[in-house]
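Next come two complexes built around subunit A: one with subunit B, the other with subunit C.
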Partner chain A sequence: MAVYLPIWQIIIICFALPAVGFFLGVLFQSLIRKLTARFQGRRGPWYIVPKSLRPVVGSTRILQPFWDIMKLMYKQTLIPSTAQRKIFISAPFAASTSLIIAIWFIPIIGISPFGPFEFSLIITLYLMLIVPLTIVASGAASSSPWGAIGSYREVILTLAYEIPFILGIFSTAMLTGILTPVYGGVPLIPGSLSLTDIVNFQASHSISFFGFKIPAFFILLNPFAAAAILMSLIGKLKIKPMDIPDAEVEVIAGAYTEYTGKLLGVYEIAKILLLFISLTLFIDMYLGGALVTVNYLGVPSFIWSGIVFGVEIVILILIISVVNAANARFRIDQAFTWYMKIPLILSLIGLVWPYIMVSLAGAGVSIGINIV
Partner chain B sequence: MTDSEAATSKVEKFSIVDEIKLFLKEMLKDNYIEEKEIQDKKYVIRTTPEYVKPIADYMIRRDGRLVHLTVSDEGVHGFEVQYHYGFDHLETNTHFIIKVRLPRENPEVPSIAPITWQASWAEREMMDLLGVTFTDHPDPRHLFLPYEWPEEAESEKIDGFSLYTKRDKSAYYIRKDLGKWVPLALSPADAKLTLLPIGPYHPMFIESEYFRVRVEGDEIVDVDMKTGFNHRGVMRLAEQRHYARIPFLVERVCGICSTTHATAYCNTVEAMLDIEIPDRAKYIRTIILELERLHSHLIWLGVAGDLIGFKTLFMWALRDREHVLDLFEKLTGNRVHHDIVYLGGVRKDISEAHIPEIIRRLDFIEDSVKKYIDIAFDHPVVKARTMDIGKLTLSTAKDAGAVGPTARASDWKIDVRSSNPYAAYSPEYTTWDVITDSGCDVWSRVVVRLKEALVSCDIIRQSVERMKSTSAEIRVKPHLPEEGAEAANKTEAPRGELYYYIKSNGTNIPHTVRIRTPSYRNDAVLPFMLRGQTLSDAPIIIGSIDPCFSCTDRMIRIEDVKTNQVRLERIGDLARKYRRA
Partner chain C sequence: MGLKQKARLYSPWVFHAHCSGCNGCGIEIAAALNPRYDPERIGVTLHNNPRHADIMLVEGIVAKQHVPFLKRTYDQMPTPKAVVAIGSCAITGGVFKPDDDKGPSYTQGGPVDRIIPVDVYVPGCPPKPEAIIDGVIKAAIILSKRE
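And then the complex of A and B:
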């Protein structure tokens, strides 16, 4: 079933996509920083960048996260003599590499070299799970007590957010298979685990939502799972109530305590890529993958897709920034309890929600949603 | 008959002062050497060293507080050990200063630390600074000096340093009896225990302080604290300066509560000279002191917010604090060290033109503080992080000697402004209430400080209003104190009770200046709050007392709750043991 691009295009995209993803991740990161600063009422230094520096830092400083990483690349890398050297050095590279590979499987405005692969969703989830594993390994390998505490917190937090995350993702993937025949649509694939199929399903179907004809966004068809995934992403991205593993005043930098210079820079790259992948995955799963297939107003459809992608990203980042600014940090036991209380229950509701919709439609009860 | 009637009526009118004096006379008999009243209800009683323990035992049982313990160097007359007992929380202004003389050779006095925890730090401090030995002290380690400070040239030397000094040998033997204490969970016996260093440089602290926290899993088993990284010897410096120059020196003890230091000093000297300052100066002092409390509580709220990860609260609180700093700049000319309080009054007047701006900015600050109170009451994460954390019960607070908002959050109504009125705090000048809370946890300390900020706004408004009807005089001329004049006075700093003791020798420089800062007391209370809590809560618990290590610069022995044993370990030993070959 899977439709792949020609091999030369795949190779080009394989190299270009991680670079694009990193660049966009830097933009997202600076947007989060700017919005958080506004919410916190920070004024910041008011000065004009000198002309000679503009080619380097730019006049708007939106590339500041990038230059933060570049600075680390110029710095000396120190490795503790008591550290487990091999694990300590390889962990940041394993995290970055797994995320670069994950980008190949995630469609960005429908473009993906390996997206049509049948199990690209599962592969993406596993590759994203490697990041917390490397953080745990590097904290334990650094032989610092703060690293050990950071690892221990990372393990608990990962356990807490990963369960609602996986449940939410799979309950959404079921939608492609279950809903279409019942609501009169043409069944594309019975319950596809391919991200491209999920994106194409949302782009090719539309729903009438209380009389309004809108694209078949899964966030409307399964809002419970979408909410659970968004809450899990807050833990995955270490947004404020959940930034427990690297809480500065409590554990210095957690697992990153002993990391310096280039190795820390590679970890920072992984963080930026993770931000990009998480947001793109959410858009792919719940917001139609920002894919527009019609050339409205004579403008090519990929430009429309880009605009939609930008708008959706800004909304998501706005939510993340508000959550980040409006919260204090949970303690690890409180975070675990919270994840077991709200997101887990939401994702369980999300898991049975498709069946409820099907049985309601089978019984002839209108819930105001129809797939066309 | 008439005599006995008079005697019975006298007995009925017995105040605490009379009761204590009578008891001491009965107990000491011939050793009741000298008694004098230095100020209103403040008494100096001289006795002999063998009676310090029974006196301490009686004073503590009589609900007294050991406000401070200090030693004064009297030259050829030897050392003078002073025990400052405060009863002002029971009866206004009441203080007893018990003095004993020690010979210059082999100065030894029994330690009263086994009787009250409040003496522990003060005795260690005096062993460091003046070399007086307090025998049978349970924890005779250095407080300000480094543990490996070379004291005796002849003692055991390792790598050129005499590691075991006379005093520290006892600590060494205690440790040796208990066997090897392994810091990083290496021995099977201690495998469950981990030692974590917090400080001297750690993101938790603004200033340098060294905590050693032993954790079992995530639970803190015990805490040790080393101070002395900021010691600047302000008390010694003050003993070398003219009276007129000291207010500006003592303001430099702390960058946040500077005026309260100058006020405490000026109050003490004014009490020695027995001069009354003009009403207008009292109101101006009150305005600056209360603005300083606002400033301190706002900056503390910000830091506390940061310690529980609430960066937004930190930014907002520091933004609002700017208004106070702007007011300081307008009123005193300086933003941090105000230098406005001076002997006999104040140096600058607050004119009518300043009053509208004071009121305008106060309105803004009051609105913000009300917003923060709403956050403290409503925000789920803030409540989850602060409630039932760092419990300090009323009895522990009293035993260990907590002061200020820390004590008031444990429902202890203790406030120098009401118990020992100075400036314009007495009821004839301003009316206000002491804020207390019965929660005994970190959340209560947040709420007490925020409500106190509102009270401060109220006091400033009243002072500004009533200042208009005072005469323009803002200062009276001071003169030099007589020989032997001495005075003790205190103020309520934003962190609690700040105690000053000054003694004159008739020249233009004071003979003795002693400062007891509020954090000195509250830091000593920290282990009681930290034990049994999780490591994640350590920052906010330490932060909840508003520690000012710069003020204090002074913590503690390790006490194992599981086995009830005291273990002592020295940094030098660890460094030597784990130094790489």
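And then the complex of A and C:
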């Protein structure tokens, strides 16, 4: 049965968890900027400033996204007189608030304040979908032609990437139900829509991958859905080939064009929280949630979990940075066509792959992955 | 140094206003933002939107037809803001400088500081990228001391 914490601890965690998420998100964003710069032959934000320059520009720039946000918070906020005032002001706060709530439902190294919440996957998906909606609303409300074009592009891109994203997420959530009878559990339970259950399933079961016994990572059990999700996340995070809605040389800043000062700062916070949530969701769904349950070498298991989380995040950020640095920008119609071609087909294969895999295993065909 | 000053010094976002110059300074600004000098090391990023910018880099003599647009662009920037005049033309008028006998060039709207307040002057025709980056850092220091 679920163990629920006392109410005061839940309140503390509810405030602390978004702060931790924001801090880690700043680090991830900084790492993406640094790695992208290095792949482009630049230096990126200086992590160690040369000694002669330290009196002028400070000693380190690891927290460069944080300084950008703080700078925006100390700037004047202008609101265009022709803008739809209420929507224009409330949209960035809606985006940030929905993401702060979404952090509560995502287990980070297996820790979730509300315990094994039943439908946390559904809640997270809906809360993440609020962000593109607010961007569309704010671009349209800013009464700027660039904002209108940005909104229009955001609508098309969201429609394109959400279909493979949702299909991939649900085909992975089905895995817990399909695999439970294979592992000898209660047969024919439906797949769980709780992220905590998905993480615990991966941590508590094991597979043999070409002879090695490892935890049942869903990225190995359903690689097609994982690839589709990663491609959708690139659109969700506006990584280079898909940064069409805020392409700075085409539409000035898209929906953010008329945003200044604190409102832009709140949008930047939302971007950083979205980065954190997306990467953590991917790790929870496919990389076992970075949950280690054994005290190896006498070190507590949560320290091991933290190390594994860090390694997995760095690998994901490396992939994202390579994609960001290696690609030029798609046109919006190319992006739509691409999403309808590759990720959608991958996610559809991912939808039937678990059944194929289980029946292959039942027929005794070896595909390198065996359920132990 | 407080949080406010530090934040303003650490992330100056620049905006490049091209005011009827010969493009020489524009090329040098582009060179200053290139991988070789990469000013993102110290947090400088180019935003082609005055609403997001802290520092405006102005180049060129401002032709008469250009004056209202420069004023309007300056007004679109949220405070605190700083202006860096880049190149001889933006500082004094350069080769278009008023001659004593004949008066100013008939297209000249004046050096930049007759139209908007200028904080940092970067001389040269065109100035070197190092000088431009130095000017941006000096402008960021001025910016951080603003109210």
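Throughout what follows, the second predicted complex is superposed on the first by the 341 of 372 C-alpha atoms of A that agree within 3 Å, B and C clash if a C-alpha of one lies under 4 Å from a C-alpha of the other, contacts with A are read in each partner's own complex, and residues count from 1 in each chain.
Here is the rule we go by: a contact is a pair of C-beta atoms (placed from the backbone, for glycine too) under 8 Å apart; a residue touches a chain by one contact, two chains touch by 3 or more.
Not measured: the values here are computed from a predicted model.
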Give one of first, second, both or neither to describe whether A:S301 is in contact with subunit B, with subunit C, with both, or with none.
neither
After the superposition on A, what does A:S90 contact: first (subunit B), second (subunit C), both or neither?
neither
Could you look at A:S208 and tell me whether it touches subunit B, subunit C, both or neither (first, second, both, neither)?
neither
Contacts of A:Q76 with subunit B and subunit C, given as first, second, both or neither:
second
Is A:I252 contacted by the first partner subunit B, the second partner subunit C, both or neither?
both
Would you sort A:P241 into first (subunit B), second (subunit C), both or neither based on which partner it touches?
first
Which partner reaches more residues of subunit A, subunit B or subunit C?
C
Using the superposition on chain A described above, determine whether A:A326 touches subunit B (first), subunit C (second), both, or neither.
first
Examine A:R42 and indicate which partner it touches, taking first as subunit B and second as subunit C; both and neither are also allowed.
both
Please identify the positions on subunit A that touch both subunit B and subunit C, taking each partner from its own complex.
40-42, 248-249, 252
Subunit A-facing residues of subunit C, complex
3-4, 6-11, 13, 35, 38, 40-43, 47-49, 51-52, 54, 76, 78-80, 137, 141
Over in the complex, which subunit A residues touch subunit B? Could you list them?
36, 39-42, 145-146, 149, 240-241, 243-244, 247-250, 252, 325-334
For the complex, give me every residue of subunit A touching subunit C.
33, 37, 40-46, 56-58, 61, 64, 67-68, 70-71, 73-78, 248-249, 252-253, 256-261, 264
Can you tell me which positions in subunit B touch subunit A when the two form their complex?
184, 194-197, 202-204, 218, 305-313, 315-316, 319, 379, 381-382, 384-385, 534-539
